[in-house]
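Letters A, B, C and D mark the chains as written, and numbering starts fresh at 1 in each.
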Amino acid sequence: MGGIVLDCERNLRWLERLAGLLAEQAGPLTELDAAIGDADHGINMERGFNAVKERVLAQAAGKDLGTVLKQVGTTLVSTVGGAGGPLYGTFFLRMGQSADGKSELDARELRDALAAGVEGVRQRGRAQPGEKTMLDALVPALEALDAALAAGSDNRAAWEAAARAAEEGSRATVPMLARKGRASYLGERSIGHQDPGATSSALLIRSLAEVVG
Amino acid sequence: MGGIVLDCERNLRWLERLAGLLAEQAGPLTELDAAIGDADHGINMERGFNAVKERVLAQAAGKDLGTVLKQVGTTLVSTVGGAGGPLYGTFFLRMGQSADGKSELDARELRDALAAGVEGVRQRGRAQPGEKTMLDALVPALEALDAALAAGSDNRAAWEAAARAAEEGSRATVPMLARKGRASYLGERSIGHQDPGATSSALLIRSLAEVVG
Amino acid sequence: MKKLVNRPEDVVRESLQGLGAAHPDLVEVHLDPHYVVRAGAPVAGKVGLVSGGGSGHEPMHAGYVGRGMLDGACPGEVFTSPTPDQIYECTKRVSSGRGVVHIVKNYTGDVMNFEMAAEMAQGEGIEIRSVVINDDVAVEDSLYTAGRRGVGATVLAEKLAGARAEAGGSLEEVADVVRKVNDHARSMGMALTSCIVPAVGKPTFDIGDDEMEIGIGIHGEPGRQRMKLEPADQIVDRLLEPILDDLGARPGERVLAFVNGMGGTPTIELYVVYRRVAERLRQRGLTIERSLVGSYITSLEMAGCSITILRLDDELVSLWDAPVVTPGLRWGA
Amino acid sequence: MKKLVNRPEDVVRESLQGLGAAHPDLVEVHLDPHYVVRAGAPVAGKVGLVSGGGSGHEPMHAGYVGRGMLDGACPGEVFTSPTPDQIYECTKRVSSGRGVVHIVKNYTGDVMNFEMAAEMAQGEGIEIRSVVINDDVAVEDSLYTAGRRGVGATVLAEKLAGARAEAGGSLEEVADVVRKVNDHARSMGMALTSCIVPAVGKPTFDIGDDEMEIGIGIHGEPGRQRMKLEPADQIVDRLLEPILDDLGARPGERVLAFVNGMGGTPTIELYVVYRRVAERLRQRGLTIERSLVGSYITSLEMAGCSITILRLDDELVSLWDAPVVTPGLRWGA
């Protein structure tokens, strides 16, 4: 558990993989948003991560982890818009603050950075798990990670558990009644659809799980 | 040839039959107008003849032929609108003026009344046969009527010839290039479609042919 | 047929009633026969200005009744010229003794019905000047047709002649402004979708999902050609070139650029169109001195646009800037 | 996708460029980040008024920049809230030292982005008042949701608060007008057809040829219910009853009636709708003292309408009548 689970190179691989997944899934994410929102979540995330690739990843050489993650956060804040922009922006800003000045994170430090990001989303959006939002993927992921690490799993296994929990969490939003965000305006009619933000959050955790180890 | 071919009762039957035909054919006439005009000819004619039924035919008892026909003309002028209103209005006004004060018309008088109506259309619209208008049904009808009467046909046969000539005339508008009215704006693209006004004019002659004799 | 209407046969009447209810300070609506006059008509000592045509082009014409524009408007059935008695009654109602100018779009029906109304009004001693608008370059001009259709220039003529009448212009002066606008303006339109006449209940024309009609008329009449959909900039170029060629505008001249929506096209797209219009006119050395962007002469819910370019001189600029207070066009007061 | 656009990703920028080209006398367009300010901003000694939101609702908001209305507008991508840096830059640009009011529609994204921008501006010493608009009665109000959506009342708040700011009102007074409008206005909308987000290229929702959506949001969000199409009068009644019930307007009160088109609905239909609105309000004993009919807060090319009723008092009436000179709303000057 004392080893390095995320370094600068893996961090870039994570962000590039996430950008790729979001570009690939932009259509389906937007479809989910069309059902209970305004049909832009995939487009917004893709636009934001295209800017991240151009403005941050292409210039990341020699920068520490914290700096890169904070730049991802400010880039998302200024290019995504909508609810996703401030929420994902805050997620990466807080993660970057948690990793401030560091070029390598061990298992505990990465866990703390994730927790800081999740807490940022919670504060910015004033939501709770169970309200059909990003938090319904992020919070189970964090809990599964903690449980696995506490049970002595190795990092790969622990992050695999986190990614699965995020995916299950996003699927578990289907029967939920939305209580935050645009979907909450639908009341009962929000039931039966998977939340787009929870779905993109599961991609975030999955891509991170792919690079740690 | 000296007999009465149109009296007040037949005149009303003609106008009622024409109103019925126009109501029945309103859809097809409008379709023809959609192809080379503005999709209203059938609707306009039906609206006008509904007004004729209400305002003229329902009150026609005791009125002479000329009066009724002139009232049809003014009613059409004030209810049809478009090109059809002034043209059909003028047709009936002139026919009525030709039959002024009369309650019965013999073959010659009816022929003259028709000729007066056709001449009114020609003057009002400043068109010639061959320009893809009402005149392409009306003028052949008048010519066929004259020819048949000159050849000694009986009235029924002469008017049957007129009705056929009007129908052939309206079909003959298909290959014509429109040179008057809204269809003329299409230039070459007006070719290949039957003129709506010629088609409704053929109904006018046909319904008249059905009652004379 | 997806429309906010009750019975199709009541659309024109009910819409006029709504107009009257919404703008009692500006207009007075008369029914049977239908016409709309400026509140307080006739205006003493003023030349009257009357226009009209089929309904379905709103706000034209009834929406342009008011101070600095029309004294009266005669709405026919949808896409059907008004009848002579409407025009005659309206003309009498706005006449203050100095004569009345009729602005007539060049459609056989409009021309004939206005002609009959003018004869009736003249019979009552009202002096009439009728000016026919025929600015649509989509229709090849020819001695052998009814000429060109009247479209976007009508709106500009109503505004500009209305300003001249408001300023005390004589019958001939007001008619001259209409003639000048017609001489100095050219238009062309295009459609992405068809309109649906309420009484018909289905599209006037069929058009493929990837097609557009270039040179469309304001009643959904076919235009120059049916072709594959293109980016906005190319569409603008297709409309603008024939307009500018026909207008013969030379570098250094000042123009008014009017980008008009057909009824179903939203404002965001009209400004995308305007952007290219401004770019092209600059490239041709023309100065846009005034502009108008919006849905001012429509074809029911048709999606598409038209462009009208008017050559300006000092007189027209000052008439354009004069106050206008109508339901559909308003500034300066 | 039948739209007058070039590349979908350029629609917002190109439309803003068109707006700037068409109205250089009224507005100044800034790109990257995108915002629109009144020509000559900041106005010395005047409280600033800024709004913004996703694009696709034109003329709102950028079309309401100008004298007597907004000092600045921040257009996001289509249907996507603007970003904090846009709002921050715009706010700085219009600030003359007396503070800036933010008018924010109640959508999570708008609220969060404006919140972050306000924090940034306050960090620079600019005093900010943010007022959230939430007038849409289609959404059942509940402690357990993000509340009601902001719709038609936004346009009225921008006009009325703009008049108060123009007249020299203090930061608190201007914010108070926005609060008052929000308290005294209720809205509800409906759709006949879906809008198409340019980047998506297909309709946001599917709807049958004989169906309508009652309580639609301005981004095509589903509303209260999907049902069979009805005549306009019945549709009006369906929208108006919940509005009036929620508003609690009593006989004898004066109101402003605002009939809004969603972008694809032509003016002729809006007046058919207005006719019934006027009739029903009269039956309920309410007096329509002012009205607004047109497409002022749209959802791209969606066909449909919304109704907003605002209770009036003398203050609001005089603010309404004050001059306004913007690309999208103009009178009195």
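Just a few scattered comments:
Just so we're on the same page, a residue touches a chain if its C-beta (ideal position, glycine included) is under 8 Å from a C-beta of that chain, and two chains touch if they have at least 3 such contacts.
Note that the structure is a prediction, hence the values are computed from the model and not measured.
If each chain is reduced to the centroid of its CA atoms, chain A and chain D end up 33 Å from each other.
Chain B and chain D have Cα centroids separated by 55 Å.
Note on chain placement: the centre of chain A and the centre of chain B lie 76 Å apart, centres being C-alpha means. Looking at chain D, no residue sits in touch with two or more other chains. Not a single residue position of chain B touches two or more of the other chains.
Chain contact topology: the protein chains form an open path, each linked only to its neighbours in the line. Pairs of chains meeting the touch criterion are A-D, B-C, C-D. If you check the complex, the residues on chain D that touch chain A are 33, 54, 76-86, 107-109, 112-113, 115-116, 139-140, 142, 144-146, 148-149, 197, 199-200, 204-205, 217, 219-222.
Those residues of chain B that touch chain C in the shared complex are 30, 34, 36-40, 43-44, 47, 77-87, 124-125, 178-182, 184-187, 189. Residues of chain D touching chain C in their complex: 2-7, 11-12, 14-19, 21-23, 55-56, 58-59, 63, 192-193, 209, 212, 229, 231-233, 235, 259, 263-276, 278, 288, 291, 293, 295, 298, 300-301, 303-305, 325, 327-328, 330-333.
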